[in-house]
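Order of writing sets the labels: A, B and C. Residues in every chain begin at 1.
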Amino acid sequence: MITLDTTETDESHLPHRTVAMSIRGRLVSSLIGFGAIAVLTCLLAPLVGTTPISLRRVFDPSIPFDQNVDAQIFFVARLPRVLAGALVGSALASAGVVFQAMLRNPLATPFTLGVSAGASLGAMLVIIFGGTLALGPFSTVPAASLAGAAAAAAVVYWLATRQGRAISTSVLLLAGVTLNSLLSAVIMFVQYLADFAQVYRAARWIMGDLDIGGYDTLIASLPLVVAAFALFALLPSSLNLLSVGKDAAASRGVDVPRAQRLAFFSASLATSAAVSLAGPIGFIGIVVPHLVRLLVGVDHRIVLPASALFGAAFLVACDLLARTALSPVEIPVGIVTAMIGGPFFLWLLVRRS
Amino acid sequence: MFLTADRVSYTYKRRAGVESVKALCDVSVSIPRGSLTGLIGPNGCGKTTLLKLLSGVLSPDSGSVTLDGRALATLSKRQVARRIAVVPQETHPAFEYTVLEMALMGRHPHLGPFQLEGPADLAIAVESLSATGTAQLADRSYMSLSGGEKQRVIIASALTQSPEVLLLDEPTASLDLGYQLEIGALLRRLNKERSATMVMATHDLNLAASLCDTLVLMRQGRVLADGRTPDVLTSATVKQLYDVEADVRVHELAGHLTVVPLGRLG
Amino acid sequence: MAPGAQKLTVVVALALFTTWLGAPASQTRNPEFVPHRIVSLVPAVTEMLFAIGAGSRVVAVSSYDEFPPEVRSLPKVGALLDPDIERIFEMRPDMVVVYGSQSHVQTQLERAGLRTFSYRHGGVATTLDTIRELGDASGRRQEAAALVTSLQARLDSIRERVKGLPKPRTLLVFERQPDTLREIYASGGVGFLHEMLTIAGGTNVFADVSRESVQPSLETLLGRAPDVILEVRATGLLDRSGSAGADAWSAISSVPAVKNRRVHLLRGDYLVVPGPRLAMATEAFARALHPSAFR
């Protein structure tokens, strides 16, 4: 064992901040801070909307639910929307973090590898050609988009693992980008075959929609997202090492093929569930991780849970803006995230250079 | 013998656009405990591949690697990492980790799956940084450092693994003369003070001559010669290895063998 | 004339000559021209042509034409987004009905010397005007006038029947994701669906929105609280149950239309084509809104 002559060591050389702010402390304070933001946002959002409601009436048990407009606005229109926003925002932000670490590229998004293009194609095929595909409580479009996402992920994975157990990240990226282009072309072709109204519906789906109107699809997505998060919990320290390099991770005891598989599978699962629920809402998977890193540093053991929490708050806030800013017209939520994400990105680039 | 490779072979499989390469053919090396061994050879001789096999990152196609009597294949990745650390030639993290974070990564094999670093781990990291003269850089971003500083941080990170064996791939390649000597002195000190076993792949014949007590000469995936440095490093072997005419003798002032290239052959 | 000046004159004269040659054919129309080979890219106009007795002269239709049944056996030449110009030429038409927005198609056809009829999408009045114009263009002026008169009469009779009756606040839905309440598209305060609804004695809950289509959120629907919901569908699947999705709408049961079971599903392409069958469509609306007036 190599130990060193400790007389040479003088801890006063180190800035006190480093010594005092242990990772445990930073993790706890991040979780509390971002957790508070998430909880607060989710509690306040259902209270705000274009139609004024009275909270007293909402929770008045003497009025039957069937006749209580305020309660229906709260429980049918707003609350599922807020919960869906939290779920989708959380899933996409975390998936973004995982893909960025796994691909060793801070510009990777949950959609880089073609999972969302597969989901879009699945949804589009149903919107345009009709169909009676259904998976339990999932009605047609979400079920088809989930199937599409799974198929795309499987294809990319197969392509990237053809040369052995370890995933070659460069092949994975190439495979994903290629599949994205291919699927985009197929989607365009399918839209071309469609009639006008269907094309409009398809285009609208791509802009994202959190107005799910009920808890069925939410509950159906929940197991997928919970499973993805359970797998995410196993990843963070491996992600730190993987993002330094495959060999660097291996020589520090990481089972690289297993970590890569876990990362790819869990992030694809989270992305698929999110996209099949609400459509491909862009920019969450890249803006949230970067914002979080600006605030808490780059250690994935903090960035991953913090992004999950902040992602929830972020999307709920964006959706709030989307449904109230230009009332009575609603802006599709994907447009709001893009309008916030785009300039943020430019600013990041400028700052970096 | 502490760390041995027993008749190992390795071929890099054919990949898109690149033919398969037989990197090592029937190579056997024995590293004594506490030695500072140099791996010398021209580009493509298999030095880096052999290092990867010795560290367990790659598994040999045939033959086996043994650490202290146990085959690496029977140990888990974590168990291996607790005993063997690697200092690669270049490290390019994708995110802006601080120097301290880079150093702390070495503690990974010693931590449980959900365990975070504690004060003891922090102390080890700090010690390692101090040993490589980089403690004052702890809060700096790794990517913002100079080449020499980066290399010293990576060495510190390897030391944090508290390993018994340190494998280094071209440790002084990107360093200026001053830092070369400093790293050389550091490595010698680590080797002497705690009998750390070290294997160093390098192009720098003079560095190897000054530091290493044993040398392994490799060419085209095979071992040409191995043994004590003065026995193995001669102008004849240099000619065989590099097709270069060189003068090899003990330098009066330096006190160790030096290699002065005189000209290419053929 | 100096040699240089002579050359210049020749060049300028040639330029003018070729410009004159290449000028598009004169736009003045012979008012007595009667087309005998008509290609129609617009299903609404195809219906009109058949309704005014020019159906036998239609030689090719769009990919989306379904009515009257005779058109099913006719060759198809594409539609709004993908008109097949070559195929259209193959049909040797003497008049081609195009969408107003297909300006470059129109230019191409006119350059080839073909007469075009440009269709404008609009409300009830525009539709009736289009029938008249079509009558002029196809030499069936009298038949067109008769059709317009009869349509107006039918619309007037509907107005009569519902006059004085209370106008229910109505949500007119023309698209929705099956089995759910997602992606609901409703008629705004503009366009022929809205106008038909008004004639049929209903008040559009989105009359204040000056767009043809609105995609309301559930909160908006709950806020607007329509008394009646009319769902119109051309074809295709609605819900797995095949019903008007009573299950789906029950999620917003506090809406009067749902509470009082006044959700009606109307099926048929006549409902969404602004053509000769719009009186039939308006009557369907009126029957759903005011069943008592139609016993």
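By definition in this document, contacts are C-beta pairs under 8 Å (C-beta built on N, C-alpha and C of every residue); 3 or more make two chains touch, one makes a residue touch a chain.
Since the model is a prediction, treat every value here as computed from it, not as a measurement.
Viewed as a network of touching protein chains, the structure reduces to a simple linear path. Chain centres here are C-alpha means, and the one lying farthest from subunit C is B.
Ranked by how close its C-alpha mean sits to the mean of all protein C-alpha atoms, the top chain is A. Across A-C and A-B, it is A-B that has more C-beta pairs touching.
Centre-to-centre separation of subunit B and subunit C, using mean CA positions: 78 Å. Taking each chain's centre as the average of its CA atoms, subunit A and subunit B sit 41 Å apart. Contacts with at least two other chains are made by no residue of subunit C. Of all the residues in subunit A, the ones that touch subunit B in their complex are 1-6, 8-11, 13-15, 17-19, 22-24, 27, 100-101, 104-106, 163-164, 168, 171, 233-234, 237, 240-241, 243-245, 247-248, 250-255, 293, 297-299, 301.
Put simply, subunit A touches subunit C in their complex at residues 49-51, 65-69, 71-73, 76-78, 130, 132, 134, 139-141, 192, 195-197, 201, 204-205, 209, 211-214, 217, 323, 328, 330.
If you check the complex, the residues on subunit C that touch subunit A are 64, 79-82, 175, 177-183, 185, 209, 215-223, 225, 236-237, 240, 251-254, 259.
The part of subunit B that touches subunit A in the complex is made up of residues 13, 15-16, 52, 55-57, 76-82, 84-86, 88, 91-98, 100-102, 105-106, 108-109, 111, 113-114, 116-119, 122, 126-128, 130-131, 135-136, 138-139, 159, 161-164, 166, 190, 193-194, 196.
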